[in-house]
Amino acid sequence: MAEMAARPVGERGFGESLLWLVAICVTLAFFFPFYWAISQGLRNPIDTFTVSGLGVPWLSFDPTLDNWITQLSSPESRRALANSTIVSVGASVLALALGTPAAYALARFRFRRVPNIDITIWFLSQRILPPVATVIPFYLVMRAFGLLDTQLALILVNATFVLPFAVVILRQTFLDLPLELEEAVLVDGGTYRTAFMRVALPLAAPSIAATALISFAFSWNEFLFAITLSSRDSLTIPVFIAGSVDTRGVQFWFMAVRALIAMVPPVLIALLAQRYIVRGLTLGAVKG
Amino acid sequence: MRWTSNARFLFLAPAVVWVLAFTVFPLGYSLYIAFLKIDSKTEITRERVPMFDEAGDPIMLANGKQRMRTIIHKEQINTTTFQGLKNFKRIFKDNQVATSVRITLTFILSSVSIELALGFLLAVLFNRHLAGRAAMRAVMILPIFATPLAAGYLFFTILYEEGGPLGFLGFPFLSDPDWALFSVIFVDIWQWTPFCFLVFLAALQSVPDELYEAAVVDGANGWQMLRMVLLPILQNTIVIVLLLRLAEALKVFDIPFALTGGGPGIATQSYSFLAFRTGIRFFDLGYASALCYGLLITVMIIIMLTFRRLRETYG
Amino acid sequence: MKKSHLSTGLAAAAALGLASASFAGDAVDWNADGTVTMKLGEVYDDTMITVPAADLGALIKEGEQPFAGTEITVSTLASGPKGGISGPLHAFRPVWEELTGGKVTIVELPYAEAYSKMLLDVRNGTGEYDGFIVGAFWYGDIAPQGYAYPVDDLIASGDHPKWSYDVMPDSLKALHTWEGEGFGILNDADGQVLYYRKSALTDPEHMAAFKSEYGYDLPEPPKTWQQLRDIAAYFNGKNWDANDDEADSGMVLHLKVGEQGHYHFQSLSASFAVTPGPEVSQHHNVYWFDPTDMTPMINSPGHVKALEFLVDLHQTGPAAQVGWALGEAWDYFLRGKAVFVFSWGDVGSLCQDTARSKIQGDCASAILPASDEYYDHATGEFVKQENPVPVGNTTGGSWHGVVSAFSANPEATFSFWSLMAMKEVSLWNSQFGWTGVDPGYSYQFLKPLGEATVDEYVSAGWDAEDVKTYTQAYYENFYADTILTYLRIPGTFEYWDILDKNLSATMSGQFTPQEALDQTAETWEAITERLGRDSQLKYYQDAIGFGG
């Protein structure tokens, strides 16, 4: 760990305290929108505009859970939550099931005609692709197969989006594992499958779990395809909250609650996978 | 030669086939659509049949009639007309395209450069012993994973000009075309600066102590430290962050969708938003596909330009 | 005899007592007097609405479950369980479910997506939705194609909750039918009227100051748009309302793009751009297109002048309104920050909602003023008029239910929509602002114009003066001699979308009015070309009653 505090203690003091204060302020600034949503969601409609300033619950107004109860008690919101969960879990599982072996292949085997690195970058480039470019063909294909408005369609779509991510990042994971154990299995006459399943997979498990969590969050947040492909049965949370800017009246309290319902799961998951976030988001290029 | 067994193809094939089927094929199909005009309709005929209960008796209603149900026969008719290059030519005549390209470029250049710079600054700031740093770092992770659409709606309330928490500043955040674009960029900065920050922080922490010490011994000031020591070491990281941010920024859709609806006028209608509206909202599938190809070619150019760097980073 | 009478009576009372006890459900009470009480529950302030049991139709009877096991899905605009248009669906769902044994799923869609979702559903024949809440301007894309289910027979059958087209003014009835056939189920009635702060306009000090500044008496309400602008300009920037220390505005508008901002332009420009005449002809009583060849009229000098006027008017309000949807603008007016707003019926009823409004009792309504000059399309000249005749409008969506032709359960869907179209329910809906359902039907107008009484409204929490001008303004608007023609041809949503974009760009200073409307006309031509000029022309002529 290299940190610039490798200076004598005496030189700290005022300057350092100031920096600490700045750091706290920056952190609070980035947290503010969440705070604001929590505060808004606890207000009675009448308090939306009348409460000024920071609007601290209990201090500036009497908080109420009514907005939450109204929102969560509708069958539609629970269904959207269920759909989002199913789609996100399904897509993560599918992407990992396809991606882990591929990542292993790219980390261990040598491909000759097209070098491993080029295959890896080919996968990587899928991740960079703008989704809107595939939304229309996807829509037509799903229509042709009668898959419009199914959870399956959204699972397929999201799996496609997170697959390249899983391949690239898990390849790095496997590269970081020691080769000897697997080779020992092979020397003993074991198959590649055994080496992969029995040795490599368990060692890579924490990283795979983190990849799954991040994939879950990506799929949860996906909106473009969700609004295009779903109309009733497969509505996910982002589609459910879309349009919360009510056409007939500003309902901050209601928007805040819906926004939080959408944000809380992926955000919590991100915290769970904290250690892997940097590696995950840079697709393994930077180790956090 | 052990790791050149043909088993390698079994490991790799499913993922490759998947990408071919779900990405490469749709893109090819999309190119085909770009030459077409597609009209869809469905013909319906309805048939009324009586309903029966479990015993096989007709179900009677309070009005004395039998309960009926409807069986629907439907046939979808898609007519496609070959248009040649017409859809592509339209791109150059459409004033919405030029505007959305300008908006998207402005968005990308400003948001990405600010995010990188701010993220770097913050990383340097946090790269020291700070009480509670782990907690602060955890908080900084939150925006990255906040559902972008929800973030858009949330910021709609925050940037609300009358009575919103930033309303006292008196800026026309959402009503002025330039400010509205600024607001979209602002939300993006909130969401993605933490990403740049986290990555740079991680990279800084992997810099060996000796380097700093050596620089300090050499009497380097802050600026020299930055230029001579940090930037060269972080070069690869910067490029990868830049590339990833560029790619994400090109896709921008959710935030303007929620925050401004693309307005006022078309002042925040990004390219992706335009393509979505054309294709999905107004069913002009052929033209929308042509529009998408414009975007696709841009991305391909970016990938080709950075290909060598990518090879080094991931190699 | 007497004795036996008494005992029969007692037995009957006992039986009825038992009966009403055993059939008192969560959402519905079957009362002994032949009425049914719908109980909307806590979220809806424990509202109770009582209707005659017979009005529920032949199918809905105590103890019957005519739609047991039937599940229907309806789409609506997204505003949540207690928001405009979608709210009543949530409120009456448990009632309908208990009455019929059916199940309803409500799909809320954002304003900008609701139309596309519906259209994709029917064009692809997926038929996921049994019913849609539609805007009347969507009809051209569903009615002639056979995607909407005709409801005249269902109304006539008497099987379903009772309502009728007869309560509608012709101007509104036209929006629920296509070529004479009924498709829409009564719900909302849209048209824009003027709301103003009576206390400000009748304040002697302001009246005197206004006169000395503008040289004429402050008219209450203003008869012409030009007078209205003067008044708005006079009050703008002054703190004429004592409820806060800040300066207030003249006019507040809702101009957010992708929402319903372009309706302001439609309602306002009607009296600038429509040439009155005895009948619909190439140049008279037309607004959108030349009815002989579909050339857009939207960039005519009359339209341009109206947009220039709207830009002027915008200067008398808060700059932020360029980004405001309905709710924000209404709240501004409700908080007492603007003298005028011209908008839908929601405002009148929201004024009465003291949780949101500070101006109950000072919320007067009037039919929209008219311009003091209009453009004559035949001569190409502007015509000045001394006493301009107001032009009515049905601007908006008049959001209401339609049954999908793909529904396997058209009766159940119709039954659900019809429950909310019942007189008592419809009246209640229109009296409360949050429902988004606005008045326009006979039982919502006051006697002698309609059937309602001031007391009914007062007991629903209304101010007596407010309701008098409110219902009067709507009556005059919907029954006006000249009414802005309503565009209902295929692709209307797309025509309006680009108009909306260009208007928004104008209001935010990116285009001049002429540029905006010229570009709109250009895009309209392209849309007409794409959708087919001949068929569009035919639909247009039919829609406006043009004989050729």
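For clarity, chains are labelled A, B and C in written order, and residue numbers in each chain start from 1.
Operating definition for what follows: a residue touches a chain if its C-beta (ideal position, glycine included) is under 8 Å from a C-beta of that chain, and two chains touch if they have at least 3 such contacts.
Quick caveat: nothing in here was measured; it's all calculated off a predicted structure.
**Q** What is the shape of the graph in which nodes denote protein chains and edges denote touching chain pairs (line, ring, star, complete, other)?
**A** Here the contact pattern is complete, since every chain touches every other one.
**Q** I want to compare two interfaces, B-C and A-B. Which one has more contacting C-beta pairs?
**A** Output for the comparison: A-B.
**Q** Let me have the rounded angstrom distance from the C-alpha centre of subunit A over to the C-alpha centre of subunit C, please.
**A** Computed from C-alpha means, the inter-chain centre distance equals 41 Å.
**Q** Just how far, in Å, is the C-alpha centre of subunit C from the one of subunit B?
**A** Going by mean C-alpha positions, subunit B sits 37 Å from subunit C.
**Q** Distance between subunit A and subunit B based on Cα centroids, please, to the nearest Å.
**A** 13
**Q** In subunit C, what residues contact two or more other chains?
**A** 112-113, 120, 124, 259, 328
**Q** When you check subunit A against every other chain, which residues touch at least two of them?
**A** 49, 227, 242, 244-245, 250, 258
**Q** What residues in subunit B touch two or more of the other chains?
**A** Residue numbers touching two or more other chains: 160, 261, 280.
**Q** Under the stated contact criterion, what part of subunit B meets subunit C in this complex?
**A** Residue positions touching the partner: 40-44, 46, 61-63, 65, 67, 69-72, 74-76, 95, 160-162, 172-177, 180, 260-267, 280-284.
**Q** In the complex of these two chains, what residues of subunit A are touching subunit B?
**A** It is residues 1-6, 16, 19-20, 22-24, 26-27, 30-34, 36-37, 40, 48-49, 52, 54, 98-99, 101-102, 104-106, 108-112, 117-141, 156-157, 159-160, 163-164, 167-168, 172, 183, 186, 191-193, 196, 217, 220-221, 223-224, 227-228, 237-238, 241-242, 244-245, 250, 252, 255-256, 258-260, 262-263, 266-267, 269-271, 274, 277-278, 281-288 of subunit A that touch subunit B.
**Q** Which bits of subunit C are touching subunit B when the two form their complex?
**A** 57-61, 64, 66, 112-113, 115-116, 119-120, 122-125, 127, 145-147, 157-159, 255-259, 318-324, 328, 332, 405-410, 494, 497, 501-502, 504-511, 519, 530
**Q** State the interface residues of subunit A toward subunit C in the complex, per the touch definition above.
**A** Residues 45-46, 49, 70-71, 74-76, 143, 148-149, 227, 231-233, 235, 240, 242-251, 254, 258 of subunit A touch subunit C in their complex.
**Q** Subunit A touches which residues of subunit C in the complex?
**A** 43, 73, 75, 77-85, 90, 105-113, 117, 120-121, 124, 126, 128-129, 259-260, 325-328, 330-331, 335, 346, 350, 355-356, 434, 436
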